[in-house]
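Dropping a structure here in structure tokens format, bear with me for questions.
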Amino acid sequence: MPKMKAAIFVEPGRIVLDEKPIPDVGPLDALVRVTTTTICGTDVHILKGEYPVAKGLTIGHEPVGVIEKLGSAVQGYREGQRVIAGAITPSGWSNACLCGSCSQDGAGTAHGWKPLGGWRFGNTIDGCQAEYVLVPDAMVNLAPVPDGLTDEQVLMCPDIMSTGFSGAESAGIRIGDIVAVFAQGPIGLCATAGAKLSGASTVIGVDRIAGRLEMAKKMGADHVVDSSRVDPVEEILRLTGGRGVDVAIEALGIQQTFEACLRVLRPGGTLSSLGVYSTDLTIPLGPFAAGLGDHKIITTLCPGGKERMRRLMAVIAANRIDLGAMVTHRFKLDDIEAAYELFGNQRDGVLKVAITP
Amino acid sequence: MPKMKAAIFVEPGRIVLDEKPIPDVGPLDALVRVTTTTICGTDVHILKGEYPVAKGLTIGHEPVGVIEKLGSAVQGYREGQRVIAGAITPSGWSNACLCGSCSQDGAGTAHGWKPLGGWRFGNTIDGCQAEYVLVPDAMVNLAPVPDGLTDEQVLMCPDIMSTGFSGAESAGIRIGDIVAVFAQGPIGLCATAGAKLSGASTVIGVDRIAGRLEMAKKMGADHVVDSSRVDPVEEILRLTGGRGVDVAIEALGIQQTFEACLRVLRPGGTLSSLGVYSTDLTIPLGPFAAGLGDHKIITTLCPGGKERMRRLMAVIAANRIDLGAMVTHRFKLDDIEAAYELFGNQRDGVLKVAITP
Amino acid sequence: MPKMKAAIFVEPGRIVLDEKPIPDVGPLDALVRVTTTTICGTDVHILKGEYPVAKGLTIGHEPVGVIEKLGSAVQGYREGQRVIAGAITPSGWSNACLCGSCSQDGAGTAHGWKPLGGWRFGNTIDGCQAEYVLVPDAMVNLAPVPDGLTDEQVLMCPDIMSTGFSGAESAGIRIGDIVAVFAQGPIGLCATAGAKLSGASTVIGVDRIAGRLEMAKKMGADHVVDSSRVDPVEEILRLTGGRGVDVAIEALGIQQTFEACLRVLRPGGTLSSLGVYSTDLTIPLGPFAAGLGDHKIITTLCPGGKERMRRLMAVIAANRIDLGAMVTHRFKLDDIEAAYELFGNQRDGVLKVAITP
Amino acid sequence: MPKMKAAIFVEPGRIVLDEKPIPDVGPLDALVRVTTTTICGTDVHILKGEYPVAKGLTIGHEPVGVIEKLGSAVQGYREGQRVIAGAITPSGWSNACLCGSCSQDGAGTAHGWKPLGGWRFGNTIDGCQAEYVLVPDAMVNLAPVPDGLTDEQVLMCPDIMSTGFSGAESAGIRIGDIVAVFAQGPIGLCATAGAKLSGASTVIGVDRIAGRLEMAKKMGADHVVDSSRVDPVEEILRLTGGRGVDVAIEALGIQQTFEACLRVLRPGGTLSSLGVYSTDLTIPLGPFAAGLGDHKIITTLCPGGKERMRRLMAVIAANRIDLGAMVTHRFKLDDIEAAYELFGNQRDGVLKVAITP
């Protein structure tokens, strides 16, 4: 049985590169040889033991690669084709999927719904920080990469871009809206770009790190607010003449930014939440107008599936956005433990790393 | 200067019937002789000093009456016409109104938005627990009562029905949805009715009071859950085979029911919140799926304006709902202090009282 | 190779009962033993040669039955289970499906879209007017029938109810809307019921046949208009005080009713079109306000898939609607040619026939 | 009584500059001294007698100016302030307005709806091709011009930009959509810009005039199609690999382009229609998929009101679009007859003219 290298969760604090068998290909699967992948903030949560996964699982949910082998029932693709798959790999047939709610895919449950059920790679099945990854429900999930796009250009599509953009999309941003985005890590930067791409006339990026604020400007922020120097709530209210913003996007996952979003919203505004929280949240009574402010709080988990990936790559191919600049560091798969060390500690101005097997 | 009787807020704990001048009628106003009005839970909050209003203010925001005098610039109505006006009386011209967000009407502010700004009666201007009420922006707010409908039949339109129905409407209930409504007071009962009227195939009403659960069945609940006897979260999960509900409506305004809503939602479900809260709220991490459950939390303040009132009265005229049964007690305006005593203490199975000057 | 009886299209004018092999079951398929089915107006179009299908094809797209055999890769069902499948049987994996547009399923095309592509039964694959039907993509399409519902109670779900309701749903009917439904055949009757179920306060049913107008009242019409006796446009404008309706549903498929819909719409109203047209259509300039009336014209093809079927059966199980009354005649499969003769000529007050193999 | 100069409709074929009294200012009005205005294609229809207006009416509906005098009941503005008003000047209080349908404002009708009722300037009341214009319902309609924006920069907001953008907005364009815009006159150019601003990844502009195709590229078209040289339907299907577009915007108002829109739509796509038609329209059966293609046809009349104007000016102030380039010619009001001659005959590459009193 041929072997491959894979980054495996051993126990909290330890993800190691080890050998695993190259997986068998079922009728609806595709085996993809990974050419580039990356590490996500969620992977760091897994590493730290904050998000539990099975010991021995291969980590990673952002694959770019080449089709190595197609399942017997898979049609419409050819071996050797360059593809990506989303971090979320829906089945296509659960009740959730048929409601358009693929991320909460409950394939296999009695009623067809399961929280986060669409997230399988590196969560409930082996992921893609490896030489090969088995893509389930291949016809639902494999998206061919348009000619002329490099691996790094599409590396953000599976998760970062899909999630960040969804923060703008779920909020229903309209032409002329004022939008604040709290935190300018990779997801927040993509939310900033997505807000601008959706027609917002004012996009305000908030972060504590100067390098990220610089990047925010490149991604489309009209104003940046350094929350290490000023109170971002006061500053945003000042910038908007006391009106507040139409949409506030939370892209960090902590109480402070969640609450700040509510505090800068105009009445009737929308809080679009992308962060992965690790504690209960408090909704402060005043900014919530005691429940009478016509507020909306909307959370979105990274949309997946091949059509989503196709759309995002089309946006890149049309030069609407350049996410290549987010790749600040590159590692061989052999050195992935070092990559985790760098990325997990946010050293050296890292935004995203590219891992190449 | 002719005088009229009015229920006036004197200080926390005291709303008294007193005399006031009958107001002058400005060019855009209408003076309405009140024929029937009622007391709202919000009025009890005011009475208790939990919601601050100016001393001397006339309370009440649910008027049914007859046009006594029209302002010089008001067209399209005639004196003697039977009308209602919503609890929310928008200006029609603020930026909020022109965004369709009339309840957050910021007429007079620099940017046109103000939390709860559309709520004027008994909040920022004199209300309708009086012999006469001055309706501002009359052409925006006066809705003629269709022939054949009695005062009591339309008495719920200005607030209770508009608010309760909006809980179903804001949630975007679709044909075949499963909906739970937490608390079956007047607002919750109307939310129950609104959910059924929107096509929900299963409506589950929750309360602790047997009489209210009985009324819930009349208003359209398919199942009722007595939360004094069973854990409503467990019961609803049982009723739905573990799936949870598509929409949960909060109609009480406390942490317990807010949280229960989240706990019974399927992934991707919507919490539609109507309650007036008096404390910060906690969002528990687990039911919120750490922010990854594609949840929506939507709050709605009672929609107002004459078109809203017209629609609601059309629903009643078409016999889609009978809210007359909610009027459990009747008082003369002269006895309104007794009415407050009864209603404020929820004695004698009271749902709503009718007050007739 | 075992044989079964099936109603087969031979040539325009001839659908005959003949023998065919019972089909083989592929890995994702399910073989269903049909217990009840029916004939649709579309089948009559096929019979007349107005809608072309391949010679030798088994007709019929409304199956109720029992699972006879499951494909090797199908999970979550058991043989012997009572099920229905929609007239539209999406793949679940085309780009169209992943956009929520399952009826235009382009599985197998380069880009994933195909007009009417989701309609396979009795169109591009063998249908269900037979002893057995092979259901493709079984996990996407098989919906278990709730205990206690008879075959005839759910017989309208696969097409008539799904289509009729979608006329109300696609129009975005809101509580209090005024809706006119042109033609009260089976689809129109379900549109009438769907409009009422969506909260319309006034539903106006139009037809030329007295028996259908009677049925329209049972299905929820508040007013019926006999277009053989009065001009329905004039009558509807009279009923609405010159205002017109918020939504007009076309359920016949001819120029006259399409145009009448536009003529009764208020400015900004929605024409929801369900009819299958057989000629070009004309939009008259005046009622269309020269393109400046903020009108919407929306067409909808019967939504399918198991989640849709589940919802519709839940509506029936909750006693929100009784469609059993639409079955006016019953035939054995052996007599299906007689059933076509009766139904195709609309004799004897027929609404729908039940066919039992 | 002081006089002013105004461009007046005398009879079909004759719009002349003449003197008129400066209008009196009612309590809710504002008198605006016009500093810049322009001529619209609709004005040319009026000139030719194709759209009837009263003899003696002042023409023009795109005002930029300075507040000369405020009505006694108008608050929130000051004399001397620079403002614009939309081509559509809603009342704010009709039932249509309260439904968010301001363009179909039926203020003064029994039911509150009137086709095109929101369009008053140069249609039912005196317009702005004059030294002064009386703005009705000033608090609904006056939008202050942000500092730093010139008259010409905001001259397109009242009509051209509002209409063109609405073509994109009403279609619900999503990030990654493919959009075709038929005709690249001023409205079509703004639709092209609006489509890009809404996140479309591919915008295809169609016209017969080389100069307009050049401008289309500047406004955001990724591809331009010269319909004088190639069949645009074939070309667009070629460009999209046979898939068709998600949204097609009609910006001319003739059968040929309306029909071409349908022919290039993917199944389930949206035809967003902006053109003012002068004949009945034909919907061809095939491209309409016999009514089964899940198509949407949506028409939109220029959205108005001060909040709309504020948003559009915010988009310009944020440098999201530069419409100044559309002003190809400039005239004094004294020479407006020459401006009509040039613009009406589309001579000299004219896109828009600026008229300064």
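By letter and in written order, the chains are A, B, C and D; residue numbering begins at 1 in each of them.
To be clear about the criterion, a residue touches a chain if its C-beta (ideal position, glycine included) is under 8 Å from a C-beta of that chain, and two chains touch if they have at least 3 such contacts.
As the structure is a computational prediction, the values presented were derived from the model and not from experiment.
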Exercise. If you tally contacting C-beta pairs, which pair wins, A-C or C-D?
Worked result: C-D
Exercise. So which of A-D, A-C or B-C is the twin of B-D, meaning more than half of its contact pairs are the same residue numbers?
Worked result: A-C
Problem set entry | Centroid distance [mean C-alpha coordinates] between chain D and chain C, Å | 41
For this session: Can you tell me which residues of chain D touch two or more of the remaining chains?
Result: 99, 112, 310
Exercise. Which of the residues in chain B come into contact with chain C in the complex?
Worked result: 165, 168-169, 174-176, 178, 194, 197-199, 201-202, 222, 310-312, 314-315, 317-318, 320
For this session: In the complex, go through chain A and note every residue touching chain C.
Result: 27-28, 73, 75-76, 91-93, 95, 97-100, 102, 108, 112, 137, 139-140, 305-308, 310
Seminar exercise, completed: chain C residues touching chain D in their complex are 96, 99, 101, 103-104, 106, 110-117, 240-244, 253, 266-268, 273-285, 288-301
